[in-house]
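Structures are listed in the sections that come next.
Next, two complexes with chain A in common: one pairs it with chain B, the other with chain C.
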Partner chain A sequence: MEALLAIIEAGIVSGSIYSLIAVGMTLLLVVADVIQFAYGQAVVISIFFCWLTLHLTNSVVLSFFVAAVVSTVLQFVLEPLLRTLRERKLVLETLILTIAVGMILTEAMCQYFNAGMPIAFPDSMAGGGWALSFRLIRITAADLYVVVATVASLAVLAFFLFKTRQGKTLRAMAYNIQVSRLLGIPIRKCTTLSFVVAGFLSALTAILLILALGAASPVLGENLTFKGLAVMMLGGMGNLKGAVLGGFILGLIEALVRGYLIGDWADAVGMGVIMFVITLKPAGLLGQVKQG
Partner chain B sequence: MFSLYVNNLLLTVIFFILVSWACYLPFSCGQLYNGPAFCAAISGYFAAYVTKCFHWPVLLGFFGGIVLAGLFALGLSLILAPFTGFQMAVATMALIFIIQTVLKNLDFLGGVVGMSGFPEIKNLLVIGLVSVVIVLILLHRLHNSRWGRAMEAVDVDSEMARSMGIDAIKMSIVIQTISGTIGGLAGGIYTFALGTVHPEIFGFGLLLYTYTIIIVGGRHTPWGPLFFAPILWLIPEFVPAGIVKYRNFMFGAIIIVFLLAMPEGVITKGLVRRIKFALVPKKAEGGGWVGNGKNT
Partner chain C sequence: MEQNELLLLEIKDLSVSYGSIVALREVSLSVKKGEVVALVGANGAGKSTMLKTVLGLQRATSGSIFFMGQEITRVAVDRIVSSGIVLIPEGRGIVMEMSVIENLELGSYHRREGVQRRLEEVFHQFPILGERREQRAGSLSGGEQQMLAIGRALMGDPNLIMMDEPSLGLAPIIINHLYEIITKLKDEQHNNILLAEQNATKALRIADRGYVFEKGRIVIQGTNQELIENDMVRQAYLGG
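This part shows the complex of A and B:
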């Protein structure tokens, strides 16, 4: 029983990360009609910049700030690249462009950071300091930060989308872009805003990953993007609630597999379960809002 | 006939031509189907395993791998056929992921290290060249047939195509099966060319090169991959070593530039038509060209 509780705790922590990633990608899909295959890579490269800043300046605050800036700026810079193809409704080409950007970012991490080797952060950053232990169950400060920050950021995002004027314009664009244009909503500015919001979410994800994992490697980005996409499909394309639910489900599945199966089967089983679910219910668990 | 180095280079080019064609086919009807990557892995591993461990005749193992890849693609297509463009892309990427993880965890297939030490195929280069010719003829005939026009209609507007009576699901099943089989053929050739097979060979890195070839070459005709696979793959062989290490950057940058400037690629349908009209003599004036051959 304790083992199961420990596994569930681990699943909730990783599920929080997956939910944040999926929510950021879903936001880009519903507002900007873009499936960002480079999202995970943007998160991880900002972790690498954080590591580099820490090594150069020894300042944790500055390194977190740099991670946040890099993440946000990357998303902001990608928007104009994608705009031409989006406006011409070239869906597959947009996908491929983001795949290419993701691969360039991965290659940059392999070539220019720590000779392509994985990076590690000091113990004081990874794990977040104190930990509560009860037999097999160990809850670190980082685990709490991850879960609390995820819940808080989702609450802030919900407030932004439902209670602020800018948020309502984003929702209007997600609902019907033609009518939004007719109503005078500045489409380009709002699309850029959605990329910036996604950038903030990816910055937060990067910081939480540093606390939770304390390490990163160039291939982690592909992994995260992939899981974000799979979670989007599991929850329902364009469905923000589905993204959150799907993230936690995937996190729990992977934790259970890691806990009870020998070998490195977590990723394969997680993906397999998602494939099984979308075969039975192609619209996802909560139904899709936007088709791919 | 050729040195070992040139032989392997040509086989690698043949591999990229075939795998690009395998991806081009579903792409030309609006689907981002990454099945050729895992079909190539299935074919390569099957051929390596049966020839090494069960001492099957080499050619039987080679063709058996291709058949297995085709059957796998067919079975999977029954599930994937209704998927939309994005769902197809993610589902097939997930399958690459799943199959790589499975291969890494199976010790009898060599695990992370993979397999080597299986027999060679003599005249593999001849088999490769013949395969390219056969697949080119197949794709050309398909492209210029009723099916080819239906694929084009689905690419332009799948809803309209369905309402005009095109069975998009059946088409998707057939296209995915052909694509997976060609991918299996490519995988078998590459496995025997390298003399080794491991899970990372047929992974996401392969997709970068394949998409570059298709995007640059042109995604609406099979001629694009045929001409641009050798060009893009052989360029790094002739540039200084200091630049070669930036190959992945260059490929990524090339994709971005071409997608923004020339999303149709270099060899478009219009270009092929113009070349065809330039090469084929014109009909006599006054004879006209009507569908029933009668003079107007």
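This part shows the complex of A and C:
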């Protein structure tokens, strides 16, 4: 019984991270019409910059600050890069560009930080400082921070999207860009805003990853992007609630597999389950096929 | 010239092409303050293109458009809307997934003062919208969506309301109700309206002046009385 609780706890923590990533990517998809194949890499390279800052300055606060800033700026800087292609509705080209950026970022992590080896953070940053243990169940401070921060930021995002004028404008753009243009909504400015919001989510994700994992490797970026996409498909492409639901489901599945199966089956089973669901319901769990 | 000050909208020799297709050929028309002007003509005659070009959704190939004395010919859509022109497009252009009240709020994007007051005014004028304010706009009937579209246009406190085929897809009873509303907008609220309609009978009855479009050109223009009495117009557009 406790083993199950410990597993569920782990699943909720990793599910939180997956949710944040999927929500950030979904936002960019519905408002800017972009599948950001470099999303996870942008998050992880900022973790690498954090590690570098720590080694250069020994300041934990400054390092976290650098992680946040690099992450936000990277997401935001990609907007003008993609703008010309997007406005000409060159979907394939936009896709290729984001894949290319992702590869460049991964390569940069391999070449310029720690000779391509995984990095690790000291205990003062990883784990958050303290932990509660009760037999098999171990809750670290980081676990708590991750879950609380995720819930809080999702609540803030929901408030922004449903209760503020700017947020409602972004939703209108996601539903019907033609009508939005006709109403005189400044499409370019609002698209930039969505990249900025994705940037903030990215920054939060980077910091939470440092706390939760305490380590990173160059391939983690691609891994996260890929899982983010899989979660989006599971929940329904373009569906924010679906992204959150899907993120937690994947987190729980992976935790269950890690807990009960010997061998490294977590990723495979996770993806397998998602494939299975998509086959039965291509639109995803909460997705609806758009009419017309 | 004093005449120019009364001209709300002035269009001079406007031409618009979509690639090799010429949609408008050197069209000139005007809307004076306090007027309702009707654009009539068959489907594809260029009325829609006219309205879209005024709003900035379509780029003019040549010619010029003046609104309240300022040239708006190649100005961006958001600036044109914020200067007080709204378009109710063909098919209403409602965001189906958002609620009635959210749709109305979108109309006030460029007019942020007095939103609550204008909402109350719209709900007073269209009680059904007030009753259904939290409902998904997609659940409204065609006629109700048309009222929502008009309400949204009013939320922008516009100087000029342009309507593209408002009666399209509506049952005759609803169309009658719609035109009662448009008449009220004209008589009680003194809105300036530029109306593109295939239903020439309805449009010419409430308009002050009209222009008849054929194949991208204006073939006849005049007061509504002149047009109604014109034999050619009667035969082609008013059922003889």
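Assume the second predicted complex is superposed on the first by the 287 of 292 C-alpha atoms of A that agree within 3 Å, B and C clash if a C-alpha of one lies under 4 Å from a C-alpha of the other, contacts with A are read in each partner's own complex, and residues count from 1 in each chain.
Everything below uses one rule, namely that contacts are C-beta pairs under 8 Å (C-beta built on N, C-alpha and C of every residue); 3 or more make two chains touch, one makes a residue touch a chain.
Just so you know, these numbers come straight off a predicted model, no measurement behind them.
Of the two partner chains placed around the shared chain by superposition, neither chain B nor chain C is touched by A:249. Set against each other, chain B and chain C touch different numbers of residues in chain A, with B touching more. Of the two partner chains, chain C is the only one touched by A:184; chain B is not.
Once the two complexes are laid over each other on the shared chain, residue contacts for A:176 go to chain C alone; chain B is not touched. Residue contacts after overlaying the shared chain place A:35 against chain B, while chain C stays out of touching range.
Touch criterion met: A:165 reaches chain C, while chain B stays clear of it. Of the two partner chains, chain B is the only one touched by A:103; chain C is not.
In the superposition on chain A, A:210 contacts neither chain B nor chain C. When both complexes are overlaid on chain A, the residue A:240 reaches neither chain B nor chain C.
In the superposition on the C-alpha atoms of chain A, no part of chain A is touched by chain B in one complex and by chain C in the other. Taken in their complex, chain A has these residues touching chain C: 165, 168-169, 171-172, 175-176, 178-187. Chain A makes touch with chain B in their complex at residues 35, 81, 84-85, 88, 90-93, 95-97, 99-101, 103-104, 107-108, 111, 222, 226, 229-230, 232-233, 237, 263-265, 267-268, 271-272, 274-275, 278-279, 282, 291-292.
Chain B meets chain A in the complex at residues 27, 30, 32, 79, 82-87, 89-91, 93-95, 97-98, 101-102, 104-105, 204, 207-208, 211-212, 215, 245-246, 248-249, 251-253, 255-256, 259-260, 263. The touching residues of chain C, counted against chain A in their complex, run 55, 57, 77-82, 87, 89, 93-98, 102, 105-107, 109-110, 112, 152, 156.
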